[in-house]
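Below are two complexes that have subunit A in common, paired first with subunit B and then with subunit C.
And then the complex of A and B:
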């Protein structure tokens, strides 16, 4: 697959803040890429640099093989779907969608019959048929989202940047639009770069998931790899499903403030903060007296509270140093240990399931 | 006054028949009483007086259309009406030409709210001096031995003073444009400030160049500001008399000047005719401007 967009060593600083600190990415053609980053990680700035609204301080941006750093946004033909949709408030749905075709600088379409036909096609593609003449204030949030997308897709960009496109929708609609977005992308055959702060959204949407951490790409892998083998403690933290312990690696143990965790040949391959990570759902809760096998690690904690979410229960335990450990028990597997408030329990996991960073 | 009449009607029609305790209408009482006593009654009175019989030294409430006939058969008064319309149109165009780019800059290109406020306050600073001083200050500026002529002569661009600068229609237009420009800048800058930056970026991203974006996005979205500004400027310029009196050396007579003169010589009926015509003119202008955009929808 040819790369539609290649960034190498792209930097952008605001005063002392290095918003983008040497970004290297290569986006394949015809793919759904999600970019996960917590707020403040520079994800919106990265999109704005790619679209051309901000100039990078250094590095190169190759779009379809050509350098575009000096090309103004209206000549790049990179689509951008704004978080707040940024629809033209004085134009109808059809007027919004036709805007790019009629007003672009490079070969605008002046034949209104052609414009109408194209608008009709794209309106059908995104599922807005019948709403063409409505004002954009008279349609729902989900419909506005579709207008924003249709308006971009009609100009046939090779790359569409979506800045938290589902952030402005309510939870119900968000889940539905996920599938919809993927389907629309497949029908158009272009590359979507979808920026989000939600780890579930990033994992669910992306063929490839990029994780942005303090202005750098911390990981670029498929969703399964990112979820199961985050490359650094920071990535594991963004995924919001790992308990993390700081500490030091000694020969066969990881020394954390709550005790020594014996290892089982995990190689600590990534530089960065030393950390020991164990996924929420890899921990089991047992009575204090229950036996422990040789492959298992055991710590003790005091039960605080739990949270029922239908398919699973998330329980919270406080350790002796005050930190809180989260345990996720899937209800489909076995009835979980019922815990009494302020009771002490053993938290046990298999050595091999832990990830170690040093 | 014409403006209140024109906007009050659609606003009340728009209000849905929400269930409100009838008592709340008393909140309107002070305003309604005030407006009836000091606006509606005087206007009706003015219309009535315009049909009274005017003799040189007295006025009697015998109805006649003599004053009206005199107004429309006198070249002086008809030319005053025409001058009023002409100066109004020129000043309106001038304030728009001067004000729009300034408002565009302040409202759209200055993204720092503090700087924006500072710039708008700068526009208003001339208003900290009195109207008369602002008007009269143009005399040492524009006069035959005024600053502009002295400077132009000093640098050798002209060898004798440009006389048309002061006591002419030009000086009235210059003075009025300066005084009323800020009323154009304010509303337009306000509308510009409300344009979401990302809407403009979206247009850019869809391939439109600056002028296209200006024509298709910025201009239509700022139109309500232009209309409100134009209403402010129009109402004030149409009723003007002081600037033309001070800067034209009595050569430019606007309807306002006619009214002042007639009242001064106690020709009440005649002043009333000019007043009614001026009020109707303002009403037509405001109604026409309000047709340009649906302000209720836009604001």
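And then the complex of A and C:
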């Protein structure tokens, strides 16, 4: 697969803050890439550097094989969809969509019949038929999102950057637009780089998921790998589905503040601060007296509360040092242990399911 | 009880405020309808008439009261105000645009621009007169005075535009760039239409400030007088109600200007819908 965009060692600092600290990315052609990063990880700045709105301090950006650091945004042919959509408020839906075609520097289309035909096609593609003549203040949030997308896609960019494109939509619409975005991208055959702070969105949307941590790419893998084998404790934390214990590795044990966790031949994984991670849904809750097998790790905790979410129930236990452990039980598998408030329970998981970072 | 007492006090205060604000204007308007030529600029009104309005336009039989020497002054003031408005607004818009990015010395440049409206007019006028004399430049309303009017009104236009651009969503411009549209064209097609209401306000400021500027003009304008100077000149002889009639007419003119401004404002707000309709047709 040919790379449409390659970043190497891109840096950008604001005073003492290293917003981008040596970014290396290679984006394949015709793919959906999602970029997951918590707020403050530099994800919006990264997009703005790629689009050319901000100049990087160092490193190189190759777009379709050519260096573009010095190329102004309007000569890059990289589309950008803003979180707030940034539609032109003085133009109609059709006027917004046609704007790029009619006014761009490189071969603008002056034949209004051609413009109209192209607008008609793209309007049908994103599902806005019938709204062409509305003002952009007279349509709903989801429709505005589509206008923003159509306006960009009609200029046929090779890469579209989407900055939290679903952030301004309500939850219902967000889920629907996810599938829609993927379908639209497939029909156009361009690469989407979708930035989001939501781990579920990143995992659901991306053919490849990039995880950004403090100005660096912490992981770049397919969704399944990112979810099951996060490369560092930081990535595991962003995924919001791992309980993490800090501590030290000592021979066959991981020594944490709440006790020793015996390991089972796990190789310690990658750099970063030492940590031991166990996914919420890998833990089972048992009465204190229940037996434990040799492959299992057991700690004790006090039940605090639980949260019912339909297919699963999430229970919270406080350990002796005050930290809170979350356990997710899928209701389709077995009726979970019912817990009494302030009761003590054994929390048990298989050794091999834990991830160890040291 | 306490609340209604406060309310009453505030009501009286507001009423007094309005009376003092509009009282002089109302008095002038009433006195302009004094009979002529024997009626003077004082109460009581001897008889209601439009004599002084006719007198203004030379439609009365000649009397010892000379017609107001304002025809040429009026034209001069209008031309000057329009020139000032155009130059100050262009300067205001472009420099406010420049201030959107921090540049070296931007703080200093800001105070330098704003200084033009802070410095007492008499001083600036006098200074200009002295410099003009020293350099051997003739003082004219279209020269020295024009420069001072721009120096005075430009900061107002600049501050208005600065406030407008402050609220401007930069993403909209960036969106245009990312569609391949050059920054110049983006300014013309996106930025300018969106800041147009602000541009109108800046124009209105520059025009009205220049139109009745007195102190700077007094020293800098040489032989040919502008309107405020011409009117002031008539006071030194004797005041007749024809000045009041003229005042009423210029006030009406200002209202017409404001009306035009409001209408243009409405149009620019409704443009989105109008564009939609045009494209349908």
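In this text, the second predicted complex is superposed on the first by the 358 of 358 C-alpha atoms of A that agree within 3 Å, B and C clash if a C-alpha of one lies under 4 Å from a C-alpha of the other, contacts with A are read in each partner's own complex, and residues count from 1 in each chain.
Following the convention adopted for this analysis, a contact is a pair of C-beta atoms (placed from the backbone, for glycine too) under 8 Å apart; a residue touches a chain by one contact, two chains touch by 3 or more.
Bear in mind the structure is a predicted one, so any value in this text is a computation, not a measurement.
Asks: Assess the superposed three-chain arrangement around subunit A: do subunit B and subunit C clash, or do they fit?
Replies: Aligned through their shared chain, the two binders clash on subunit A.
Asks: Check whether A:214 is in contact with subunit B, with subunit C, with both or with neither, and answer first, second, both or neither.
Replies: neither
Asks: Quick check on the superposed pair: does A:64 touch subunit B, subunit C, both, or neither? Answer first, second, both or neither.
Replies: Touch partners of A:64: none, neither subunit B nor subunit C.
Asks: Per the contact definition in the header, classify A:152: touching subunit B only (first), subunit C only (second), both, or neither.
Replies: After superposing on A, A:152 lies in contact with both subunit B and subunit C.
Asks: A:182 in the overlay: touching subunit B, subunit C, both, or neither? Say first, second, both or neither.
Replies: neither
Asks: Please name the chain, subunit B or subunit C, that touches the greater number of residues in subunit A.
Replies: Counting residues of subunit A touched by each partner, the higher count goes to C.
Asks: Going by the contact rule set out at the top, does A:344 touch subunit B (first), subunit C (second), both, or neither?
Replies: In the superposition, A:344 contacts neither subunit B nor subunit C.
Asks: Kindly list the residues of subunit A that each of subunit B and subunit C touches, one partner per complex.
Replies: The overlap between the subunit B and subunit C interfaces on subunit A comprises residues 51, 53, 72-75, 77-80, 82, 84, 86-90, 99-100, 103-106, 151-152, 155.
Asks: Under the definition above, what is the set of subunit A residues touching subunit C in their complex?
Replies: The contact residues of subunit A facing subunit C are 51-53, 72-80, 82, 84, 86-92, 94-95, 99-100, 103-106, 132-137, 148, 151-152, 155.
Asks: If you look only at subunit C, which of its residues touch subunit A in the complex?
Replies: 169, 171-172, 174-183, 185-186, 189-190, 193-194, 271-273, 275-277, 279-280
Asks: Quick one: in the complex, what on subunit B touches subunit A?
Replies: That would be residues 196, 198-199, 201-209, 212-213, 216-217, 220-221 of subunit B.
Asks: Give every residue of subunit A touching subunit B within the complex, in rising order.
Replies: The touching residues are 51, 53, 72-75, 77-80, 82, 84, 86-90, 99-100, 103-106, 108, 151-152, 155.
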